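Could you have a look at this structure, given as structure tokens, before my questions?
Order of writing sets the chain letters: A, B and C. Residues in each chain are counted from 1.
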Amino acid sequence: MTITMPQLGETVTEGTVAQWLKKPGDAIEKYEAFVEVSTDKVNAEVPSPVSGVLREIICKEGETVATGAPIAIIDEVGVEAPAPASEPAVPVVANATVAPVVAPVAANAPVATNGSSSGIHSGNGTSNGDLRRFSPAVRRLARAHHIDVASLRGTGTNGRVTASDVIAAANEGPSAAMAATILREPVPTQTMAAKAATQPPAGTSTYAEPVPGTIVPLSQARKIIAKRMVESLETAPHAWTMVEVDVTKLWRWRAQEKDKFLAEKGYALTLLPFFIYAVVQSLKKQPLLNAKFSDEGIHVARDYNIGIAIGLDTNLIVPVIRAADTLSIGGIAIAAGTLIEKARAGKLGADDLNGGTFTVNNTGANGSILSKPIINGGQAGIVTMEAVVKRPVVVDDAIAIRSIMNVCLSLDHRVIDGTIANAFLGDLKRRLEAMKPGGDL
Amino acid sequence: MAVASPSTVMNNVEAVRHTLYEALKNDERTLVLGEDVGARGNVFLITKGFIEEFGAERVIDTPLAEASIVGVAIGMAMEGLRPIAEIQFADFIYPAFNQIVGEAAKTRYRSNGDYTCPLVIRTPYGGGVRGALSHSVSIEALFYHVPGLKIVAPSFPSDIKGLLNAAIDDPDPVLFLEHKKTYRLVKGEVPSGHYTIPIGLADVKHPGDSLTVVSYGLYVHQAIEAAKRLADEGLSVEVIDLRSIRPMDRTTILASVRKTHKLLIVHEDNKFGGIGAEISAMVAEEALFELDAPIRRLCGPDVPAMGYALPLEEEFMVSTDEMAETMREMVRF
Amino acid sequence: MAEATTTPALERHGLSDEQLRWILRNMLLQRTLDNRGFQLNRQGKIPFATGSEGHEGIHAGSALAFERGADILVPYYRDIGLCIGIGMEPLHVLLSMFARAADISGGRQFPNHFTNHALGLMSISSIIAAHLPHAVGAAYAMKYRKEAGRAVLATFGDGATSEGEWHESVNFAAVQSLPIVFLCENNEWAISTPREHQMAIRDVVDKAEGYGIPGEIVDGSDPIAVYDVMKRALDRARSGGGPTLVEAKCYRFLSHTTDDDDRTYRSRDEIERHRHLDPVPRFERVLVESGVMTTDEVSAMKREVLAHVNDVTDRAEALPYPVASDLYTNVYEGTHEPWL
């Protein structure tokens, strides 16, 4: 029989043969000490588990081996000489893994369970029978991205619609939603690549790649955008006005700070945060711009939650910088940068999209110098930041070259009139023109 | 008698020993007291050689009386010393409950800051070592409920050093839990020199994005092993080592859940009323709309203790296979 | 001034006239403050008071033996006379009764659970005997830092000597030979449990031998005798001689607290039979008969004490309670939140 290194004490994982008390050829009685072993906890003599003759010493004196490793062979009395590898002499505590006995635990667990293993330790039989029950994450994401979950095919256990499914659908836009509804065969593991590879039927094309002479089916997002735009124009009588703003000094200030800001904070410093900062200050002076019309009265908002309109490939989305009045210019840059990142990754949450009180649209990013935006979400106004263009202007009766940026305002004429709108824009213009290098970010 | 010099790679028991040694060497307000910590050097040899080097007044072999081990240490702490009391096995801590919960935890509060109690209580806990009914229990759930106490349970050597130093420096009472099975089983690199890890900070030990697994103690290591197996299968699991039980790191847990949308808590202690219950409640309160699956807890069964017989102990302990299987189910859910 | 002429019966143990007058004043102050607590409670002004009538001799005698600025006192909740005797302002007794924000514990503790780290008065809980291991730890710290001339005075009642933590504390202190005096104020009652149901022996001091420390027994209604015994015991501790168990016998004349009605467990006769043990009238008589004070001087002292107690009562009553947000401070150093 092969004798192995015993585990002498809790937590011990190895032992050293200190001294052999017998040599090969010696007779050993059962329980007689035949070797002395030491560990860092104890030194001990090991009694033999059998009577017999010591045939071979495997582990030399001074050698250290793991518990359970062979150290000697004893020919047992009454057993044939070459003993095959057999049971270890001392039961070794192995970290044995016992296959769990699988049994559905919860009485209400449906037959097609989510495969709950061993109820002993986890014991919750999550009923997954009803595929119309969507998780909180699924509902939230679906709302935020305007996805109709009922139209999605789920890739989770038993066909459950998962959060990843919703996000994938949002990122893919109409092609994914359409593929999910039009395809008849269930696709067992739908990866994004698989979805993208699905071809729509002939006679139609996609929003991302429209083909002349075809129909682009409406995605959920597009349907909702359409609905909202019509609603806005039909309820609020839109009026429009603009100012020109000399941002020469502001432009220089931003140029000086932008590299350092990017290096330190990891976010770009565009003109947008400066603009939003000034907008918030001007809103404080003209609270009716930060309001909503209703039949009971004009709700003047308490918070300054500034929406920034972001155009994605197939979608227009307006995430909100909450409590913008508590943020510095740098803080606004970071908040805006974060939202833009999230928007592009399709990870905007309900918090990010709700509660806006006023909206800013950076139309100038695409070169526009004048726009007539449609008011968002029942608010009282929406302001645009147009492109910065160098122009010849008259300063103190002389011609000078200045960086000029137009600022346009669409307003709900039920809430505000021209006087207030112009006061707001005038105040905004003054603030932007006063911003110069050396200010506080 | 030579004490192991602070080597780079050490196991958990060496990390405790090294940290205690440095503390006694560098701060004469510190001292160690408990049963068999002096001449015997502690039953795991953690303080072997200390009494010879630091003297019997700094390495006290107390009478066999847990309430007064803690209670006397409280008095020492109230009067400006930094005692590190040892309860030989966590299973023996119950007689000291009155002193820990009724006195140490309330010293600062009841005196409104006139007295404070900068005390550390160290104790080995946990099973899987054939320790049976009185050498295997987990006790954190009994104490983490108590305002005024702090509790940490690191199970990597570098975490042990940083958190034990932080516990010794802390102006409030800290219960320092050492999983005895990890004493020799877990090895790792330990930076030399004095450093602390803030109490209340968890650590992502294995990043992933499809499931958050929160654990501590022995099971962190098994969870990491299971996560690695799942990685080979193309499944991405994040394992968070809590390290701190009270205060607990909400920020790390929530950031992870917001990323993965699924939460599994794995702990050796009994399930009912274990710390998994508090984590579940917190996540449900603060991140319900991030959850894409019910929160699950993989825990010790609700029986008084694991038995001595091997099948009984194995039934109590959660195996790595079981963890992996549950993780798989949750990732695929 | 003329050396006090003592009647042969008065053993001063070296105390001066001024010190003897101090003892009487401390006893009168204690009794007046105690009674004030009960009065305020019966008036409905404070919810709770404990009384220490009967303990005045023990408190004054021990307080006099205590070294201010060196010794540490770890009392229990019936030690109001000891606490003012070592220098705590009587105003703090009233702040504690009225639970005012200006109380050092911020109105958190029950009355008579004082704290004053600067005076060496250790904060305690209401848990019987739980404070004794702390007293032992404090004594250990003194010995550890080699601070000669310092001792810990730890007090408790007869009931406390049944608790495990009492036993563990005395044992630990004895094994380590620590500078501590364990003073048992044995008033024969633990709420409603008389001594014979608390222990199988008659005198607590008999336990000392079991731990290998000296024990002394003293008549607690005689403050001078208490002073003598306590001075010797504290000096023994301060000079490295180790612990002593002192048992001072007295009688508890009032109920345990204002929430206890002692008529449910003892007769008025029993109380009256012990009246002769009342240390306050007894000491007044001793001082007058030995010529240290006249009856007029005693009366004047009583009036002065009453006026002082009235003054601090009014001052404490006029101060504000703590505010709700005060609940959250000092859980830890820093925030109280369990989640970070």
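By definition in this document, a contact is a pair of C-beta atoms (placed from the backbone, for glycine too) under 8 Å apart; a residue touches a chain by one contact, two chains touch by 3 or more.
Just so you know, these numbers come straight off a predicted model, no measurement behind them.
When the partners of chain B are compared with those of chain C, no chain appears in both lists. Located most centrally within the structure is B, per distance between chain CA means and the overall CA mean. If each chain is reduced to the centroid of its CA atoms, chain B and chain C end up 42 Å from each other. Computed from the mean C-alpha positions, the centre of chain A lies at a distance of 64 Å from the centre of chain C.
For this pair, chain A with chain B, the centres built from the Cα atoms lie 31 Å apart.
Against chain B, the residues of chain C that register as touching in their complex are 72, 104-106, 108-109, 113, 115-117, 122-123, 125, 127, 130, 132-144, 164-165, 168-169, 171-172, 175-176, 329-333, 336-340.
Note for the complex: chain B touches chain A at residues 13, 43-45, 128-131, 135, 180-181, 183-185, 261, 271, 288-294, 296-301, 310, 314-315, 318-322, 325-326, 329, 332-333. Considering their complex, residues 10-13, 40-41, 91, 93, 95-100, 114-118, 120-124, 126, 128, 135-140, 156-157, 160, 162-163, 349-350 of chain A touch chain B.
Chain B meets chain C in the complex at residues 31, 57, 60, 62-63, 65, 67-68, 70-81, 83, 95, 98-99, 102-103, 106-116, 147-148, 150, 171-172, 200-201, 246-251, 282.
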